[in-house]
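Structures follow.
In what follows, chain A forms one complex with chain B and a second complex with chain C.
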Partner chain A sequence: MRRSRRERRRERATLRALTSSALALLGAAGKASADTAIDHVESSYSFSTYSEDNLKSSKTIPNGERTRYEVSTQQASIAGPITDWLDVALQVTHEKMSGASPWYVTQDAAGAPIQFMSGATIQDTRNDLSLHANYYTDQGRLGFSGGYSTENDYSAINFGSDGELHFNEKNTTLSGGLGGSFDSINPTQADLYPTRPDHKSKQSYSGFVGLSQVIDRRSIIQGSFTYNLGAGYLSDPYKEVYQVGAPSQYGDFRPNRRHQFSFLVRYNRHIEETESTIHLSYQYYIDTWGISSHMGELAVYQNFGDSFQIAPLIRYYSQTKADFYVDYLRAGQTPPDNMSSDFRLSPYGALSLGAKAEYVFHTPWLRDIEWRTHASVERYLSSGDLSLKSVSVPSPGLVNFTVLSVGITAVF
Partner chain B sequence: MSAAPRGLRALALAALFSLTGCASLGWSWDKWWSDVKLPDFPAFDEYTESPKSYVEIALEHDFLVRVKPWERAVLARHDMAFDPDELEAARRSHTFFSKEATMPGGSAGGGGCGCN
Partner chain C sequence: MLLGRYPFRAMGSPCELHLFGDSRERIDPVADAAKALVLGLERKYSRYRDDSVLSEINRSAGDSAGVEVDAETASLLDYADTAFRHSGGLFDVTSGSLRRVWNFESGRVPSRAEVTEALRRVGWSRVRWARPRLVLPVPGMELDFGGFVKEYAVDCVTDLCRARGIAHGMVDLGGDLRAIGPHPDGRPWIVGIRDPRAPERPMASIPLATAGLATSGDYERCMVVDGVRYTHILDPRTGWPVSGLRSASVVAPQCLVAGTATTIAMLKGARAGARFLDGLGLPSLRMDSRGRIGGSLVSDGSSDRCAAGGRPDRAARTRACPTGSR
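Now for the complex of A and B:
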């Protein structure tokens, strides 16, 4: 008797369950977990909109620009096997960005900092392509990746290699990787704004090591350490620093070296009684610009039967300011060598809440494909009050945003 | 009467309660460690008869072999992957990278401006 594709797929899944250690591959081809090459073709598409809240009128100049950034993102991916021990994955992203962006910070009549936005509406698109190939052996995996990202005023090319080694009957996995990114910046309207350079470049070199361990039949833990070196032009060409009484603004000047360190711990546990899976993660980050941050996230994947899932998530983030962060320079103050009014380098805390619904179905009349569809929403709020350390004067440019997303995956 | 430091007392109380509390929920440390056989110390190499280092002992010991291949059904679940949705993970990572000062951990490479 001929078995249906679904039955065969289920058998494959069982077989994979026997051989797979379900460890997350850090950036593995097209799938989040497996230690063998993918055995089917999988393709995904997702559409998302990202929109920032308008700036409050009290945070900007009277009648100033208040609308902010909007991004619509389309992503597509395809992953499949080449041989039993080799698979490849391709991911493309197309983004359309528009809106106004924080330019510099000035002061209101009372001396409180207020945000001045770029008047002109920015229109830009970003295209990103990345390719990942993995070679598998019984003891581990070796992966190579490359990518290219381009915007009107920006292009970046990156390469990387990562790998895994399994120990203890695949209960313990050591992973690691090295990567580099080579970016070129060509700011628009550089002739109109004296603080904007014509052409600049930056490079980043990163490496990570990770260790994951199966704790029992239902839980797994992973720790990783990542280092990144940023070199070259690390400033933001579109930002300026205002000084009270000065005839013109200064440029955004950041050190041309940045060492970044991050420690990430992730823990997953499945609870069979309630058909739910808990994902917990924590990240501590520190860099040589004086910024340190804590990030904690909890997501619960609640299943209702085999085909429906709801996953709420909560994420908390708090960072300290960069040593050279200033909102604006006071009258008569000597401009320091390094300075930036970017809200991203200011001290703040952020809370984001999200939820995702996923529905899985099969089409027996169409090659019995398994379809995974999802819709999700995430709301991000940042402010000085949410910071772990108290912030006396928060940046007026802090952002709140909402992300809506829908997507579909076909498993052949 | 000089009291023990408050922190120490709290720690002792917490330890006591966590043990008894977990036991009342059906948790038992004996059960947790039942499949763990500790090696004899000092351990000697079979052939050279020299004492083994802790590293050698740890490598040979199967304390970290927590599950067998046939017990992996739950671990292989889609929602037990660290990133069940790769596209979503990539998009969120890029968003936080563009709006926060932190770089995302656990990977190497990646690009994009993240200005504006």
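Now for the complex of A and C:
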């Protein structure tokens, strides 16, 4: 009796559905199963490219540099169990960055701001190593992580701890975490550019608490609050601020403290009739630099059978400007203590459209490894017109970009 | 260590608990609690008792406001919903009104008109189920939990015994089984599966250490009229008893899942049922209407491989077990 793979997959899906429903039922009668460490060794590799659109010729000086950033990222990881209650994961990342970056904003003949790009093409690589460990108990999970990242002019070391605690027969989960990062910056060509410091450092500390509640077996709602404190040299050493009529540019000066607060609400609902899950989320963010933002996202995870999934996504974002954001200083204006022409601190709105596809297959002839493959694409567009509040003079440096990513995971 | 055997009758079947413990004082109270649990579930989900939760639900049929159910019943309905969807509508807990026209004690085959009339009150897809409210929209519609509540009780009793310190034992509710744990020396329980046409003779012996085993057969609660065997398993699409498989047995970590799998296989019939059982990937055994035996349990006896932690050692598996449960 020949049997198609499709039939076999359907029946395995039936078994999984019955088993998970039975476990939910038997759990409801007083038995909750504990979290457990991952029980297989997983190894994965992914490659992605981040590519910014060229600057429009009207947004920069005539015949100026228009190419922007390209980043290619390779990531490999391996994770596996040490005991029934402990698992560890190791991840290495190698990134190559190239292209020109926004330097300062000047004005064109009509007085409109235009972006001046760094002339020389930057070439840099970043290497990152991180290690995670998770300890599991009947009531929850406790994780620890640490990492080290280095590039030509930058190095950072970070650590963190996070955990989850289950209540109410696992229908309610409280989560929380603490983390810190210690970064050291040694700008290149500091001898040529008086605005670039020799050596600076910055630190960031963050904490979050979250609560997730199972509403019924098809839907879950989650809320979380995150606080982040940035301290030290938070400016960008490669950016400058232009003043009309001044012989040279000023440096980028930002306050040396930044308190950031964000509130996230997420609602996931599974629709059995169509084998899909809807993810809705909203985030409100506010910081002590004067930026506040709204982010809304809708993603639909659509399953086709047991092994194929497509997830389209739409995300909207809008932020107000930082108090000290300026495009450029007017003639005769007294330079303020803090100022930056960085487009990321300007008022704007952004729209992202993306899709991700995942395909899972087995190779029974090769140790019955399960392979999970994915490919994704995201297109990001930002402009003053997309902002919730109208923006009279948007930053000329606002960016549009495309991210492509492919990856494969082997589960042994 | 001593073995206590506790036979009792519940859910229309002979039941027996086999519990190992240091003393009677330790295991008797566990057996009493387990019996009380089974009888409590029977009382709660019996179609024949007016004071049961199920009867209360069935009395609400036709009322568009429906009825609000407790958390355990809601989870059972969620399970029934999952089984319905994943069986293409074959596993249907609304078959209660068919049970009224098919009375296997009477020896009478209902007329086509009676069956067609009863079918108008069958169909889980017509039920409105939004936890915790259930609406049976058609007057006379009846839920019947007979297809899975016994298996559910087996898992509940297993959990209760383990929670109360019993590490070695076997739960048997009318042939639906689950090992609480292997014998104290680590040997698995050896369970015989009956030949549907010669119930005194086992057609296979299966070792169980922690898993559940459920069997559906056309020999339980059936009637033979004019040489035709009518089994108690009714197809919710036609309203008539199924034919094709004489019996199906499945081993799964939970008895509930094993029982649902055997019921769906019986409903699918000989060919599709056999394919379904093979596709599940669970150890299984079946006999078709011509007496042919198939399934992964035919050749090897290592049925407990799906049960986490319940790996009987090789020596125990190949040795006959004199203290097996049957």
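In this text, the second predicted complex is superposed on the first by the 378 of 412 C-alpha atoms of A that agree within 3 Å, B and C clash if a C-alpha of one lies under 4 Å from a C-alpha of the other, contacts with A are read in each partner's own complex, and residues count from 1 in each chain.
Note that a residue touches a chain if its C-beta (ideal position, glycine included) is under 8 Å from a C-beta of that chain, and two chains touch if they have at least 3 such contacts.
Here the structure is a predicted model, which is why all the values come from computation and not from measurement.
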Partner chain in contact with A:216 - chain B first, chain C second, else both or neither: both
Touching partner for A:264 - first (chain B), second (chain C), both, neither: first
Larger contact residue set on chain A - chain B or chain C: B
First, second, both or neither for A:158, with chain B first and chain C second: first
First (chain B), second (chain C), both or neither touched by A:272: both
Chain B versus chain C as contact partner of A:115, first or second or both or neither: neither
Chain B versus chain C as contact partner of A:224, first or second or both or neither: first
First (chain B), second (chain C), both or neither touched by A:340: neither
Shared contact residues on chain A - chain B and chain C: 13-14, 17-19, 21-22, 24, 26, 30-31, 216-217, 272
Chain C partner contacts - residues on chain A that touch it in the complex: 1, 3, 7-8, 10-15, 17-19, 21-26, 28-31, 216-217, 272
Partner chain B, residues of chain A touching it in the complex: 13-14, 16-22, 24, 26-27, 30-33, 44, 46, 48, 50, 69, 73, 75, 77, 91, 93, 97, 101, 122, 124, 126, 128, 145, 147, 149, 151, 153-154, 156-160, 162, 167-172, 177-181, 183, 185, 206-208, 210, 213-218, 220, 222, 224-226, 228, 236-238, 260, 262-264, 266, 268, 270, 272, 277, 279, 283, 285, 287, 289, 291, 293, 295, 301, 303, 309, 311, 317, 319, 322, 344-345, 350, 356, 374, 376, 378, 380, 399, 401, 403, 405, 407
Contact footprint of chain A on chain B as seen in their complex: 62, 64-77, 79-92, 95-96, 99-113, 115-116
List of chain C residues in touch with chain A within their complex: 71-72, 75-76, 78-79, 82-83, 85-87, 131, 152, 155-156, 159, 163, 252-254, 256-257, 260-261, 271, 274-276, 278-282
